[in-house]
Amino acid sequence: MEEKEFDRLLKTCRIKLTKEEYDKIKNDIESIISYFNSIDNTQCQENPAYHPINIKENLGEDVPKKFDNVEGILKNTRTYRFYIVGPKI
Amino acid sequence: MTETIEEFASVDKPPSYYEKLNRDINELNNRLHAFNLLSKIDRGVPFSVKDNICVNGVESTAGSPILKGYIPPFDATVVEKIKQASFSFIGKTSMDEFGFGTFGINCDTPAKNPFDEERVAGGSSSGAAVATAILKHHIAIAESTGGSISAPAAFCGVVGFTPTYGAVSRYGLIDYANSLDKIGVMARNSSDLRYAFDIIRGTDDYDSTCTNRAIENFSTNKLTVIKELVENVDSEILEPFNSLLDTLKGQGYSVEYKSLEILKQSIPAYYIISMAEASTNLAKYTGFKYGHKNMEFTENYNLFFTNSRTAFGTEAKRRVILGTFVRSASVKNRYYFKALNIRNTIIAALKETLKDSLIISPTMPVFTPKFSEVKELTPVQNYSMDAITIPPNLSGLPHMSFPYTYLNGMPVGAQIVTDHFNDYALISFLEAWEKSFKPKFKYNIGAI
Amino acid sequence: MKIGLEIHVALPTKTKLFCRCLNQDNEVPNLNICPICMGFPGSKPMLNREALRISLSITRALKCKTNDRVSFVRKIYFYPDLPKSYQITQLYEPSGFDGEVNITGKTIRIRRIQLEEDPAKILREKNYSLLDFNRSGVPLVEIVTEPDIYSEDEAHEFLYELRSLLYYQGIDIDREMKADLNISLADERVEVKNITGIKNLMDAARYEIKRQSLLIEGGRQVLKETRSYDESRKITETSREKESDEEYGFIYEPDLTEYYSIDVNIPVPIIARHIAHELSVSYGFNLKTLSELIYFDKDSLRLVEYAKNKYDSQSIINLLEILKRFDCTSIKDKVFDALMDLLKRKIDITKETIIKLEKGMQIESVYSSPERIDEIIRAFLQKNTDMVEKYKKDRKVYDFMVGSITKNFGLQSKLVSERLSIVLKDIIDNN
């Protein structure tokens, strides 16, 4: 994989690597991808179902139900006047 | 001496019993690192929870530094159910970060194998297996994506049971790969296993993929050995496995051999799907709403996120990058969609075999390795250790690893697989097996 | 010139798309939240049945096709307002595709209709951002058109038709509508993102047409780019770098299953344009007058449908105009009932009957009561919030407002003029 493409991937997933990590992981990823390429010629059925079993649909009813531990959610975060503080945009 | 949880639960225990229990676990845990966090109990039957399953008000990190400090404000559905059944929460069990590992070493303090502390406990539910191997009366709520229950269960000599995908609610599970993740149970015997599974299975208004299909118990005395699952197994493991087959034949089972060429594709298909899904699940960790906190709010969000995400371990980073790659628009057909197609082809092939038989194999292709040995493995070598546990996991098929012999003092496990929703057939199989085999344990904390 | 629109409208469900939190804005931030709409680790989505039903109903109203099964995907991108760093939306089997909306002399094709979740509300501060997750997880329908709109007038008419179609689905897109605008005068397409409200959308389009024309006239190139609209300065400008399809890396949402759209029971949608056309052909209504009266008024439509075989078109129009005077007032239902009663009793609609009816409703006293007039004025201003802003800058708008209210509600202009200044002062002082 070209360095440019690898860097683009890193940017896409917001991952930053140290110099040592960079060479090691890039190398690993190249060998894993070439391992993945072994599926190229596999004969298989065209069925991209995305669960291993058939699941009967489950739907939620449009009936409000208040979550009883909002405080527990907010305790995890940093808040300011009930707003959650996030990074600058 | 009580053997099963049901017997144990019917006996009155004085406060001193629990005091000793807490003390003994704490002491041994300092050496074996089965638990990331221990909670003192004073009544009931102890249950432990893998650290990627939420317990209300208890730090849940999924073994990752990026979730350090995350206090879930709710119970996972399984935890809610088992609490209601008067079990007591004893602690969060250690694991490979987000479940990314076969040996339990991708975390700060890896759990050690109670039979030989220089050897790994297996992963990713390493702590759950160790806890089960040291506690006499206890249920471990564990989770498997690609073999995370079977592998450590085999290395630690306990029963590891992975139900059909969707049979147990995943609500409250910190996701690795949502179409593959299955919450299951580790226990010491079939009675405890059945007891726990009866409690935790069933539909849930909070998990769309949890089904209300009836769980069946279609029994058969036909066993199938699949060539592709045993061909790369080390000979020191293959020999006792062949003796196991002889023993089972003596108990009335028939054994057939068969080749399923397509299974060779299970490892790449599994890793493609699991990494694609994992890379989206791990996108949410950006360092400000929960867990690891980045306080540099003045940085632009992109830099803020990128800096926060350096807290991931190496294997997590590798999988996020790879997962992002395989679902990129330009290669998605080649990897992601192709892997889905392969999975469905494998499922069809396995289900055909499972119509009238159980599939049996060793659980792991190697003897329990030392920590020093697994450090040397490349990622691809490492992934190939999952060759036997991946096919049933990829296919959402119920499977179970059970101890069947001891080699040089270490337990060895075998895996049996049955068809979707035929979960109880595995427990029945184990009940029959227990008549001729009694597992051994080095520790029996809490025995009465 | 080619314009394509992506319009997001919030659905009027009681709860959010994937959890049971109230779908309701709140003055207190982060009140209607739970682990699911916060994207907390361990939580999972459960699709709201009603939201799915409404999305399929819109699909029908916009004459879209639907797959037997509807599925969802994860669209991955990073922004502080997006709790899971992916949005659950639709791509491979959306709620609808290949539809159309008719306007005068042509058809605007609808490419896709998808059901998705709204991110949180984000406020930009100097050194950080502030987030309110009350809005996170609100069900949205995104309507994507083909680039079939060729002029400002067509855009106007399309939005008018769409508003009416959605009005009959219980959705008021005047309230809170967000849109992305794709516009190309030359070869390259410019995308203007995150425009709020129809008025801003038209302003942004006008600005882009002018900007791109000037570039072309000057012999310069229009760049393919994403821009954003600045409401206060009324200009578009180059915006932050956004992920492209390559980076979104869509995958199926494995926490959700497929949904069988054929099992959902959907009544035949009301398309006011077709109904008005049919009525004018069959019963001799003036198309324009009738359209204006029924495009955004369910009651009027009911009244016409009931009366069309029993009364002549002019009598019916007269009745509708009475009803219209009570728009936005608390006694509209009462007036409607009185009119229906009149029709049921098959009473002739003459000048006398109308006067009698008005007397029966004590309309005269209503007209002269300052409270009633204030109520009407406030309702009018609520619907036309920009009027107040305009008035602040330019007092001449006053007469225009008096005119509009007088005409719309059939009031006396002297009374309106008296009360309007008092109401305006009150609104401005209290804001």
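Order of writing sets the labels: A, B and C. Residues in every chain begin at 1.
Assume contacts are C-beta pairs under 8 Å (C-beta built on N, C-alpha and C of every residue); 3 or more make two chains touch, one makes a residue touch a chain.
From a predicted model like this one, the values you see are computed outputs, not experimental measurements.
Asks: What pair of chains is linked by the largest number of C-beta pairs in contact?
Replies: A-B
Asks: Would you identify the chain whose C-alpha centroid lies closest to the centroid of all protein C-alpha atoms displayed?
Replies: Ranked by how close its C-alpha centre lies to the overall one, first comes A.
Asks: Taking the mean of the C-alpha atoms as each chain's centre, how many Å separate subunit B from subunit C?
Replies: 50
Asks: Centroid of subunit A to centroid of subunit C, CA atoms only: how many Å?
Replies: 34
Asks: When the C-alpha atoms of subunit A and subunit B are each averaged to a single point, how far apart are the two points in Å?
Replies: 21
Asks: Please set out, as single numbers or ranges, the residues of subunit B touching at least two other chains.
Replies: Those would be 70, 72-74, 179, 205, 207-209, 279, 283, 286, 288-291, 297-298, 301-302, 305, 324, 328.
Asks: Quick check on subunit C: which residues sit in contact with 2+ other chains?
Replies: 35, 38, 40, 46-47, 78-80, 127-129, 247, 249, 251, 254, 257
Asks: Where in subunit A do residues touch two or more other chains at once?
Replies: Answer for subunit A, listing residues that touch two or more other chains: 12, 14, 50-51, 55-58, 60, 70, 73, 76, 84-89.
Asks: Within the complex, which stretch of subunit B touches subunit C?
Replies: It is residues 53-54, 60, 62, 67, 70, 72-74, 76, 170-175, 177-179, 205-209, 276-277, 279-280, 283-284, 286, 288-291, 297-298, 301-302, 305, 324, 327-330, 332, 336 of subunit B that touch subunit C.
Asks: Per the contact definition, I'd like the list of subunit C residues that touch subunit A in the complex.
Replies: Within the complex, subunit C contacts subunit A at residues 13-15, 18-22, 28-31, 33-35, 38, 40, 46-52, 78-81, 122-133, 243, 247, 249, 251-252, 254, 257-260.
Asks: Which stretch or stretches of subunit B touch subunit A in the complex?
Replies: 56-57, 69-74, 164-166, 179-180, 203, 205, 207-212, 262, 265, 268-269, 271-272, 279, 283, 286, 288-291, 293-294, 296-302, 304-307, 309-310, 312, 314, 317-318, 320-322, 324-326, 328, 334-335, 337-345, 347-348, 378-380, 383, 394-397, 420
Asks: Where on subunit A is subunit B touching in the complex?
Replies: 9-10, 12-17, 21, 25, 28-29, 31-33, 35-36, 38-40, 42, 44-53, 55-58, 60, 69-73, 75-78, 84-89
Asks: Which stretch or stretches of subunit A touch subunit C in the complex?
Replies: For this pair, the touching residues of subunit A are 12, 14, 50-51, 55-67, 70, 73-74, 76, 79-89.
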